Every structure is written in C-alpha cells, then in structure tokens.
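See structure below.
For reference, chains read A, B, C and D in written order, and residue numbers begin at 1 within each chain.
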Amino acid sequence: MKFERYGIGIAKGMALTFRHLFRSPITIQYPDEKLVTSRRIRGNELVWFPEKCTGCATCAKSCPQGNIVISTHRGEGSKFEVDIFEIDSGRCIFCGLCVESCPYDALAMGLSYECAKYRRGDLILSKEKLAVSANHQPSAYYRPQFEDKLPKQSLLLYNQAEGGQKLKFLPLSKRKRGSGA
Amino acid sequence: MPIKTEPFYLNIGPQHPSTHGVFRLRVALDGEVVVGVEPIIGYLHRGIEKLAETRTYTQTIPFTDRLDYLSSMTNNLAYCLAVEKLGGLKVPERAEYIRVIFSEIMRISSHMMAVGFFLNDLGAMMTPVLYMWREREKIMDMFEMVCGQRLLYNYMRIGGVSQNLPDDFMPAVKKFLAEMPKYIDEYDQLLAQNEILLARSKGVGILSKDTAIGIGASGPVLRASGVKWDIRKMDPYSIYERFDFEVPTGDTGDCYDRYWVRMLEIRQSVRILEQAIAQIPEKGAVCADVPQFFRPPRGEAYGYLEGPKGNIGFYIVSDGSIAPYRLHIYPPTLINITALSDMVIGWKVADLIIIFGSIDVVLGEIDR
Amino acid sequence: MTLLEQFQLLLKNANWPDWAVYLTPAIAGILLILVFVLTIIIVFIWWERRLLGRFQLRTGPNRCGPEGIFQPIATAIKILLKEDIVPDKADKLLHFVAPIIVFVPILMLFAVIPVGEGAILVDLNIGIIYIIAISSISVIGIFMASWASNNKYSLIAGMRAIAQMVSYELPVVLSIVGVALVAGSFSMLKIVEAQGIPYILQQPLGFIIFFLGALAEMNRSPFDLLEADSEIVAGYHIEYSGMKFAMFYLGEYGIVLAYAGIMATLFLGGWQGPLLPPIVWFLIKVVIIFSFIIWMRATLPRLRVDQLMSFAWKFLLPMAVINLVIIAVEVLVLPLSMQWLIIILNFGFAAALILLWSKLFTLGGGRVEV
Amino acid sequence: MTLALNGEEIGKKLAEAFPAAVVSSDKLNVLVDSKHLQPVAEYLKNTSGLEFDYLTFVTATDYLDYLEIVYRLVSLKNNHSLILKTRCHTRDNPVVPTVVNTWRAAYYQEREIFDLLGIRFEGHPDMRRLLLWEGFQGHPLRRDYL
C-alpha cells in the first residue's frame, strides 16, 4: 500500500457511503410489502381453460421436461374429452414453452409465486387445481388478451413521484402480520 | 541445516463463500503462500449436452439459461445464432435490435455481479454488492417485464425473440440509461481509487498477454491482458457493426485491470444501448416463421458471441432430424481458469480468492 | 474515592465482618460490570446491524420489537439453543477453555474504565499498564481456539492472530505512553481529570495511531483478517457453536466496547462534558467511536496479511516513536500554560509526518517465488 | 469480420508440407490424419500468413463408425479462422495425439472429451476425468451410451 494520494481514495469512498446513509432503503419488507409482478410473469403454476382445450397434447410434446401428462378419450361427436391433465410443478422449469405452443390458447402461465408445499405430492397440479377460477387467474405471458386486466408492474426504477411503487418503511404498528400467504 | 517443511493441503470448497458456486480448489500451502492449486469441478454437472440430444431445438433453449445463469440472455442468443446459422434463417430487423438491447443490458447486469462480488471477496463487506444490486434489480425488473422471469429468461427464439416488447419497456430503459452513468461514477468513487484496493489488486495475479492467448482466454480476462479482441468488433454478429463503441483493454492483466475493464465495458454497453434505443424500428415482426419442430439441414454450425464472461459458443451437428445430433457448449469461464495455477502460485490465500473472483466464474457454465 | 470504596466504607461502619466488607462490593461490582457490558453489547449488536444496513441501503433487522431492538436477544436465544458441536479430532480441553480465555480478560478490562466521576471498579494507579497487560491475554485464547479446533482454516487464522496482535500492540502502547507523559499518571481517573482539553486535540497523531492499532487489536475492518469471511470463512471460531460461539461473539463486541471506552477515556476526555450527566457523555463518545468503526467496515476492503504487517512495522511504529519524542520534548520545553500552542504545533507535526511518511512508505511483500 | 478460411486452400498448403497428412478437405474444413496432427498443429501455428495462435474449442462427435475431433482455430493477428478435423476409427480405447503443447487452451477441453467421449489424448500431461468422478463407467456423450 503506497499512500501516494494520502488516502484521498479512502476518504472519497467513505464520503460516498456516508451520503448513502441519507438515502431511503432500496429493500422491500417482503411479506408485508409486495411489489406488483410483471403482467407477463411466469408464475409457479399453470392455468388451464377446460372449455378451450381439445386434448391435442401439443403442450405435452413441447415440454422439455416431458412433464405434462394428458390422456383423452373420444367423447360425443369428434371432440376429445380430457381425462387426466397433470403437471408436476416440482419438475416443471416454468419455461413457458407449453403456453407458447398451445394452438387454442387453452393453457396460460399463472400469477402465483408463493407455491411452497410441505409434501412433494402436493406439488402435482391435477386437472382441478389447474382449471381457471376466481383466485387462479392467468398471466399475460404469451396471452396479450389478458394484459389489460392485470395491474401495472411496479418498477423500482421509478420513485414514488414518478408513479412507482410506494417504498416507505412501515413502522411495526402499521404492518400486517402474516399477510403473506 | 535448513528446516524441512512440507506443504499443507487446504480444500477451498465445494462449500465456501468465495468459490461462487460449488467449486473446489485443492490448494497446497506453505504457510499462507500458495504453492500449488488444482481446481476440481463437476459438482454441478447436469449433462446439458446429452440432454439436448433428445430434445428439439426449441426445447434446448430453456437449458441454455441454466448454463451461465447470470447471463442467460446471451446464452440463449448464442444458441439461437448457432441454430440460425445451421438453418440459414433470417431474423427480422426489430428482433435483431431487441437482441442487441438485451445482450447489452445482460452484460451490464453480469459485470455488476462480477465486480460487486470481486469487491466483496476483497472484504468490502457487501456494500459494493448492494449498491450494484440496486441497479441490477432495475434490470431484473425490465427482464421480468418482457419475458416474465427474473433469472431464467428463455426469451430468445430460433429466428427472433419470443414476444414483442411491452409498451412500458422503452420509457423504462430510457430512464435507466439516463441514470446509469451517474451510478457508474458512484461505483468508481466508492472503491476505484481506494488505496487498499489498489494495494490488494494492482500487480496481483498477472496473466500475461502470451499466456492469455495461449490458453484461449476470452472476454474481459483476455482484454485485461492487453489483447484488443472483442467478437462484437472483430467478427460482428447480429447487427453489432452498426454501433459505435470502443473495446477497453488493460495493460498488465492483473486483478485491477480485470476489474477496471469490466467497469469500462459497462460504460460502453450504455453507449451501445443508447444507439440501439435510438435506431430500433417502431414496428415489425419479432420472430421469423419457424416451425415448432424445426428441422435444419444436415451439417454443422458454430454460433458464438461475446458474452459477458467471454466467448460463449455452441457447436451443433445436425442430422436433419428435429433434435441436434450433437451439441457442444464452449464455456468461456472453464477456459479462463486454465491458467489459474500460473496466476496464483506464489501469492497468498487472500490473493487466491481475489484472483479467482476477478476471473468471474459461474459454475453452471463450467460444469454444464 | 471511587463509589465502590465508599460502599466499602459504608459496610465497615455498619460493622460487617472483614471478609464481607471486601467480598460484597466486589461481587456487586462484578455483577454491575456484567450487566452494564452485556446490555451495551446487545445494544451495540443491534446498532451495528442497523447502521450497517443503512450504509448499504437496507433497513437492517426490524422485526423483533420496535425497530428491531430485540433482534440481538432473539439471536442470543437462537445461539444458546444450538447444539454444542465439538469436532471429533479437536483438543477437547483447549476447545472448551478457549472461549473463556477470550471473554474473561475483556470483561476484566472494564474494571479500570471510568464511566463517571468515581464510577470505576478499582482506581489502579497503573490502570493503563493493567489494560495493556490484560488485553493481550485474549490473543492466547484465540490461538488456543484456532489450534484446538483442528481445522486448517482456523489454524491460518491463529497464525494471523498472533502476528497481527503482537505487531499492533507496540504502536498502541507507544501512543498510550504519550498520553501518560502529558497526564503525568497511569491512573485512568487522573488521566481524565487532567484533560482540560481532550487529548485528541493535543495529540492527534497519537490518537490516529491508537485508533488504527486498536482496530487491528479488535479485528475490525479493514484489519479483520482473523475472521475474513471471504477467505478463511470464519477464522478461529469456525468450529464453534452454541454457547461457546456466543462467548466469542460477545467478546468481539466487548472488546470493541472496551477499546472505544479506553479511547474515550484517553483521548476524548472520558466522562467530562457540559450539561449532561457523566455516564451519558461517556456513552455518547463510545457510540460515536463505534459508529465510526462501523462506517469503516461498510466502506473499506481488507488488507492482506503481509501488508498488515508492514503497515504496523513500517508506518505505525516509526510514527508512534516520533510522536512520543515530540510529546516528550514538548512536555519538557513548553510550559503547560501554552496548551494552544501545543495543539497547533502537534496538528502541524501530525499533518507533516503523515504526508512525509506516506511518501516514504512502500509496501514489501507481493509474490513469493516458490 | 473473422474470415473463415477456405479449407481446400489450406488443405493444399498442408499437403505440400506434409504429403501424407491431409485426408480430405472441403470448403469448410480440413480433415487430417491423426498421426500427423501434432506437426500440422505446429505448422498452422507458426507459419506466417496463417498464425493460428488461438484455439477456440476442441470437441468430438461420435458418428458411430468413427469419432471425429474438431478444432476451431483463430488467428488473432490476421483475424481468420479454420476448422480442423481429425478422425479416430476405433471405438475401444481410441487414441489421438494431444495439441496441448501447441495450444494450452486444449488442456481442459481434451480432458473433458476423454471424460465424456472416451478419446485418450496421448501426451496430455494430466489425462483424467474432468466432470465425472473417477471410476465412472462409460462415456456419456457417445451415442450408444444410454
């Protein structure tokens, strides 16, 4: 170490960290505060529209993991009825290729990202769990028709004045406990 | 009579805070001085090359994300370039610009991780990492906006990109670019002239020019050694010949140069991004019409590009079927650590850590 | 007369037996120190984590209690509930004893640090020498821990510890001697009382040397080589868990508190200050020093071991010797009434010496041919 | 632009220097006999006008009846590239001379090929498995490995 510059570099760095002391934190108090995810989020689940699905199994063919189980039988007329439609979200890599390949828009990525389970078996998403419902909504990944219904993503890039996410540090009393679910 | 001593062996890794993944270094020490080092790898080997042989060309793209998971976009792109070269596909203009934009944002993000953790290895207690993560999070937000995930993007497709840009993207990236130079100045102010950093990294772990070329090093490691070789400049892929930028090089090839070259490259990336944002066509297709089960003609192709870590390449042999006959991934960081023993022997344990950190390895890529 | 001596007198007058007259105040004092130190350490842990978080644009712990003030207690409970793991090939006895040897001398240091007028456990007339002697003991504990763990990382830490602690003892001691010269006493109380103007103004160079040396003594960034988490993981306490780890952890903060207290006493005028009660002034000074240490930790990278050595022997030691000579000459030549002249002179000397020595100072070490 | 050199021209040049070395050459690549690999490599590296000082990648492909090893050479000075190939016609314990002495870049890549395809590089200083553990049975990237 040669102090040719008499420690000016050290002083500059110290001054910078001191300046940061007066900036607001960049972290989010996660379970209490949540950012709005992207409209196109590839969440940890898939959303299936049973009435649109024809049982063509293109999704199963396009899955790199070979993870989609689908079996059908011929119902009334020429329409296929889906008997089993199962995705093991423990093996799924959420690449979205199945959604992209679906010719009838019958499969979409989900919005949820808090899908931890206690048992591996619970990770298998059966037909009932995959089907679209009020609290199981699709994201706009490769499905631009849903884009307008979803809230705008909160970007850390914008501060509050520019329409960004409110990033205020909440005092303890105002926080909701266990709001993350 | 000289005292007889024998080296003592220290396993650094597979679990160690500074190996940046599951990497093991078997180090022979004489006191604190390193007298021998042997990297032992393979803890993260997933056999992606073998997996690709049983998957279609499109299905391999998500696996390329998982190579160098800090620069997934460029991995995607390198693979797609290889397949496009094999199939002779033409990529739409707008898609080319989108690809360039994301490669450069990816480079900024990856270099920030590299520099941040290099400084963390030096002992700067997470502060530079967190300052750099502030900007990296903004980049991650933009990636999430476009392709729905923050780490494993799976965005590039054979013949273009998977989806068009959302409306919010352009204002966001413009704002980011307007802010970025100020933040880079801050990073430089934080530690670039710090006497302790200079003492720790100047002249440490020198990779000479000849050795760098001999081991086939690439990326910032090669350029820090004074070789002006950037594939974006020397062999422009995509549309890089349209942009005006400089290739920063170092003089000595020590740790400080590798750090400094990365900081300069972030500035150049900002410059490229500004030009790309100005030139990108407003409308147009973002993907060529490629069938889901793409069958390229028989033959072989090597697609490569200048990734953040170096020259990442994919060598594909096609037998005309829907799956590649052979996929070889050329991992830049594995090649860059070839001369690790030349660089570290004679230095102390503390230097070993920063020399290894300055190479910027990602184990997902080394082990594949 | 210290408060404890007054207490003793009180008991004697109440006709307590002789052994009780000595034992009761002693035990009371020890308990007082334990409570005082542990409370402040717990606040310090919280303060370090919060302040470090703010330097790094985080919030720091904020879940347990208001603003996370109970986080250290939660951490302590967690640590205490952990399994006590002793490595199979460890030297069991030394492994057990080492944390105690590290922690106890640190507690002992507080016996001679005055926190207020007479608020001192024992007013030793050799207070400073006692501090120098006792603070070196914990090095032995650290070395024992690193040896007994039978771990190569901790062995490296142990070797670093010995080199670092022994080297930095010298400049620290020499800069303290300057203070003792001016104060004319080794007693901590007398030193504080002698400081009409805090000695940091009178001996700025001495303070800088003492501060840097103390940083190395208490393993704080940028001299935290003993636990360098990016190199040797956790250094000497890598194989410790549970209560034993807690001892090291408390010791780490205890020594910071002790050195901050010593610094406040020797250079910042101790408990003295206007308006506020003495103990508050003392704590304010301690917290300012501690905050400065955290600030350095948030900014600076770590030195390498050979650079650390040459910084001690080539920079701090010569400066400390020169500083001592200057102070001695000033004490001999200049009358005490010319305090302000001394201050101006010493600031000039400090600036000139640092600039000059920065030019002369070169770093040895570097690559070793093997 | 890195100029991909015409394999036929290089093949002719090589055939002049080493008459028995070149097996075939086409527009894209040059196929040399593995027996002459090391002198060819030295020639390619040191001849002025070629100066392939930078080896990008070494890999091998299992074509079932033969194993093909591919070298992509780049000259940083002249900014041109060449694909060099050599073949190995046996599947049990195939041996090819190493090019580590010419280009150190091959060090890990040849170990990797040995690991995954089972081609032994003669003269390599440390011919051990790289990614898989010692004692692993078989070579996974061969087409007949299941």
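Rule of thumb we're sticking to: contacts are C-beta pairs under 8 Å (C-beta built on N, C-alpha and C of every residue); 3 or more make two chains touch, one makes a residue touch a chain.
In this text the structure is predicted, and so the values were computed from the model without any measurement.
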Chains most often in contact, by C-beta pairs: A-B
Statement: Between the Cα centroids of chain A and chain B the separation in whole angstrom comes to 25
Message: Suppose each chain is reduced to the average of its Cα coordinates; what separation in Å results between chain B and chain C?
response: 44
- prompt: Which parts of chain C, given as residue numbers and ranges, touch two or more other chains?
  reply: 55-58, 298-300, 303, 307, 363
Of all residues in chain B, the ones touching two or more other chains: 127, 130-131, 134, 190-191, 194, 196-197, 199
- line: Multi-partner residues in chain A (2 or more other chains touched) are 1-3, 7, 10, 13, 16-17, 20, 26
Query: For the protein chains shown, what form does their contact graph take: line, ring, star, complete or other?
result: other
Statement: Inter-chain touches occur between A-B, A-C, B-C, B-D
Task: Write out the stretch or stretches of chain C touching chain A in their complex.
output: 53-59, 62-63, 65-67, 295-296, 298-300, 303, 307, 311, 354-355, 358-359, 361-363
Field: Residue numbers on chain A that touch chain C, as the complex places them
entry: 1-4, 6-7, 10, 13-14, 16-18, 20-21, 23, 25-27, 29, 169, 172
Message: Help me check something: in the complex, which residues belonging to chain B touch chain C?
response: 8, 10, 16-18, 30-35, 119-127, 130-131, 134, 190-191, 194, 196-197, 199-200, 203, 345-351, 353
Field: chain B contact footprint on chain D (complex, rising order)
entry: 1-2, 53-57, 59, 61-62, 70, 72, 76, 79, 83, 103-105, 107-109, 116, 130-133, 140-141
- request: Can you check the complex and tell me which residues of chain C touch chain B?
  value: 52, 55-58, 152-153, 156, 159-160, 221-222, 224-225, 228-233, 297-307, 363, 366-370
